[in-house]
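Each in structure tokens, the structures are laid out below.
Shared between the two complexes below is chain A, which has chain B as its partner in the first and chain C in the second.
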Partner chain A sequence: MILNAPFLLFALVAVWATFMVVTRAVAIHALLYLVVALLALACIFDVLGAPFAAILEVIVYAGAIMVLFVFVVMMLNLGRPDRLRENTWITPRTWVGPGILAALLLAALADALAMAPPDGGPVVVIDTRQVGLALYGPYVLMVELASFLLLAGLVSAFRIGRHIRGEDAP
Partner chain B sequence: MIAALVATLPDMPMPVLVLAAGILVLLLAIACRGSRPSGAAGGTDDRTDGGTVAGAIISAATIALAFIGLWSPASPPSGGMARLFAADAWFAYGTGLILLSSGGILAMSWRRMAGERADEAHLLLLLGTLGAVVAAGSANAVAFFVGLETLSLSLLGLIAYRPRVPDAAEAAMKYLVLSGTSSAILLFGLALAYAETGDLRFTAPPAANPAEPALAVAATILVLTGLFFKLSAAPFHLWLADVLDGAPTPVSAFVAVVSKIALFVALARYFAMTDLTGTSLPAQDLAVVAVLSMVGGNLLAFGQTNLKRLLAGSSIAHVGYLLVALLSAGPFGAGSAAFYLAAYAAATLGAFAALGAGPDRPDLAAWRGMFHRRPALALALSVMLLSLAGIPPAVGFFAKAYIVAAGVSAHRMLLLAALIVSSIIGLCYYLNVARIMMAPAPDTAPAMAARSGGTTVLLAALALATLLIGLFPGPLVQRTTALFLPAVPATETAARARGPFENMRW
Partner chain C sequence: MTPPPLVVIAGTLAVLLGLATMLTWAERRLLGLWQDRYGPNRVGPGGLFQAVADGIKILFKQDWIPPFADRPVFVLAPAIGMMTVLLAFGVIPVTALWSIAGDLNVGLLFVFATMGLGVYSVVLAGWASNSKYALLGGMRAAAQMISYEVFMGLSTMGVVMTAGSFSLRDIVQAQAGLWFVIPQCLGCAVFLLAGIAETHRLPFDLPEGENELGAGFHTEYSGMKFGMFFLSEYAGIVLVSALVTTLYLGGWQGPVLPPALWFAAKTGALVCLFILLRAALPRPRYDQLMALGWKVLLPLSLLNIVATGAVLLLRAPG
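What follows is the complex of A and B.
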């Protein structure tokens, strides 16, 4: 049922890209593959009938979190006179692998979009409305508790980060 | 959304509501104080200390109110809602233990946490307690995961509480990485369970097609692996000693007591509907981990010269004993697990409180001759260690005997053999500590921690409780056994609010 050609392709791309993430020695190279892996995951969500989750995956992970990663990588290299070495990190050659994988994803996505959805197929599309109704209906308490989860993360990060800046008591 | 929220609030167990409200009040108090302009350096210290005390009072009041809230009548679950929490007797018992332990940890750190102002510590302590209570009471995988992560993230801040201490940063880093890994494994298991059954109930998934149970078993094993990581059962225990050693002493107690109670309560709930008496794969997995934890934990503690690491090994071993109780389904099994949980919590909390009141460094050598220098402190630590070792006047003896009785009645001979062998190993190192404390005192006294009224009171109360319950275990036994007696389902509501253990095969 869901084991059709696009799904298999997305899954293979995701697995291969993730493998490349963990085997790259340079952080930036790993990040490039990580973006591809997240995009592949988003495509899998879409094929499974969860376009909302797919879009969130792209916006939150491939978008926001990746920017954060790139920021951290850049900040960690601050003040080192190794611009030359940084230049060698992003050569056209490093783009080839992720580029090919991303092109594969795009082709498969276009193929999947072009195909007419099968009538009464096993895939039930879960749209934004259903997600919202679940979140603010039976799971509204979880949304509230998730805010406490974020608060815990915030306070912990505040506590740890305050002293990294070298401040003592406020 | 507000209407939906108000309508579902009664579904939340009372302690969760009280703790959440208390966190908001504390946050507000900290914010109000923080916005005031700070005065001269000398003047601020007093004022901020006063603010810390106010925070401690708010935290203590919250924990006390949440404890009282346990006796509030359970409201019937509203129809049609996904059932998120199971507010049954097992939850009430576990939450009671969690809240009492958190209160004890607050008493240890109400003013100073490892020499630092304890403002954020109070907030993180309440948040961690909230997470523990949610995780212990969840009947839904989402609720469990949110609670667990709240607990883990607050612990992260608490473990790294001491600034510029490399050990603390190292411990926090280890905890962060391993906690993240184990959460990922746990989530994988929950996702597989959802794929198999199509619902998010937090229970070992029954196979949709009994002829092919592979997916359901894989899901159970993955969830178990995640839980074992957090419970630090062997062979997933390597982080515990480093984390306990690097964290401030009250936080070590929090990791070793509160988070383990919450996870064990959740683990028991996860298997409430499963028959663990047979040779199913999850039961075998549990049995192997129990043996490895008992033997491995005690061997780890054997020969340790650092008391915190010694307690880490002892904590791993006690998780193994608890698993034996869980595996001994029978008339005594569940009750003995509940009883042992209380005994473990009291003794471990007390041991850490004694460490907090003792020398600055947790080296065993610093405790040499403590019976001559600080007899009361040495006596208190000895009582706690006797209880952990299972020697008669303390409650640990009865708790262990209870588990052995449960194991015998469930014919768990191999597990019992491992329990007895590892208990003997345990005796050696617990008694070694007492021997060192009785040795003649050296000339140079080690630097002692500042005396704290809270720790002294806590230590005295715990020592008294350990001895009294050890001498008169009857009331607690009745209470723990009553937890699992099938309640008469008088109404439909009562039938729905049944405890998890009633479907266990006796």
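What follows is the complex of A and C.
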């Protein structure tokens, strides 16, 4: 049975934290709840027998990407006026579009769950070696495509950060 | 025989927190020795109880939160710092049997995950204080720690490739013949430098930078909240020293003496090295720090990975 106690606990935390992300008016508070949601997701991965994916979730998303988000929001210097304006944005009308999309996703999820075997199948622990072999075996094309994406990011960062002679002294 | 888990947890916590507290005294005495002065020598034999006196003083100070601060985040920040450092010790194998989490198969990655979360402590402290000095310190910390985490992770990959495992116990056992500090000397040097930057210790303590930023990210903190930052910094020093011991200096292995003593001696020597660096080196400029990271340490750690991989392939049977 996949719906055991730890899984349910982490799932509840994840859903609650995600709800708080959407409803917070202060950007940093929303980001902190997002970190909590990501940590809860990592715990779910671990419960499902994927410790390597769990730890990568923490290192990459919670530990690196979210820190950069917080870094950017810190630089924006948002104050009380922004908070009040943010509050005026969250009106019942703004919920309609996202609500419909989320309902579609939920329907798809329910459909997928209905097709799954009732016991959820046995939990198999997937270790680091298996993940590595899968990445450089059947999924090697995906890895290469991802590296293309990173290369594009690298080139644009290089272009933006290039030191132009005479413009400013180091 | 494996000791019961509760004994291991309680023992590790007691030793660690006691050590972090006593280090506040030991550091000042050692700095005094190297700078040809006494340091704190009045309370107790040789000033040994100075840490207790400091603790009492800091606990009785007014616990003040500035009215302009973001209260919940301001309180949360020091707790995150302490928590993440203590969590990382969960996977450090002091001896083959003495380790809280036992033999976690992603042990090394777990340490990096907790260190990555530790960044939040400094960054959030800087933001929640709502003061320009604290904010500048927090931004410096974010950029510095994110950058040096990259080299820290990459520099250990040589060790992981040689040992063939992320488990810290396996890594120690793979060093039975030869400590990794010899074949992986490049990785060890990069790891040590990155470790100093991760714990934002002198000479890389630019997030604090007291001659330009007041006290940097913890300018607005007082009382025991400041004490938490202080203690988590010392616990961080012990953590990085324990990691270097585990990854490069053969962990608990050594002749004659019991394993726990070897581990303690190696870690202690590295902690003293941390303090000596503080006494000996001036602080670089911030752009120098970032340039050193991206232009020197990153290529060096990549070179280390490529060379290690080549040697492993050449030696591989078949």
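Operating definition for what follows: the second predicted complex is superposed on the first by the 106 of 170 C-alpha atoms of A that agree within 3 Å, B and C clash if a C-alpha of one lies under 4 Å from a C-alpha of the other, contacts with A are read in each partner's own complex, and residues count from 1 in each chain.
By definition in this document, a residue touches a chain if its C-beta (ideal position, glycine included) is under 8 Å from a C-beta of that chain, and two chains touch if they have at least 3 such contacts.
Since the model is a prediction, treat every value here as computed from it, not as a measurement.
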Chain B versus chain C as contact partner of A:Asp127, first or second or both or neither: second
Touching partner for A:Phe158 - first (chain B), second (chain C), both, neither: first
Which of chain B and chain C A:Met75 touches, first, second, both or neither: second
Contacts of A:Glu144 with chain B and chain C, given as first, second, both or neither: first
Chain B versus chain C as contact partner of A:Ala64, first or second or both or neither: second
Which superposed partner A:Tyr136 touches (first chain B, second chain C, both, neither): first
Chain B versus chain C as contact partner of A:Ile55, first or second or both or neither: second
Overlapping contact positions on chain A, where the chain C interface meets the chain B interface: 170
Touching residues on chain B, where the partner in the complex is chain A: 1, 4-5, 8-9, 11-12, 16, 20, 23, 27, 34, 38, 48, 80-82, 84, 117, 120, 123-124, 127-128, 130-131, 134, 142-143, 146-147, 149-150, 153-154, 156-158, 160-161, 163-164, 172
Of all residues in chain C, those that touch chain A in their complex: 70, 72-73, 76, 104-106, 109-110, 112-113, 115-117, 119-120, 123-124, 126-127, 135, 138-139, 142-143, 145-146, 149, 166, 287
Interface residues, chain A side, partner chain C - complex: 26, 28-29, 32, 35, 51-52, 55-56, 58-59, 62-64, 67-68, 70-71, 74-75, 127-128, 170
Residue ranges of chain A touching chain B (in the complex, touch as defined): 136-142, 144-146, 148-149, 151-153, 155-160, 162-163, 169-170
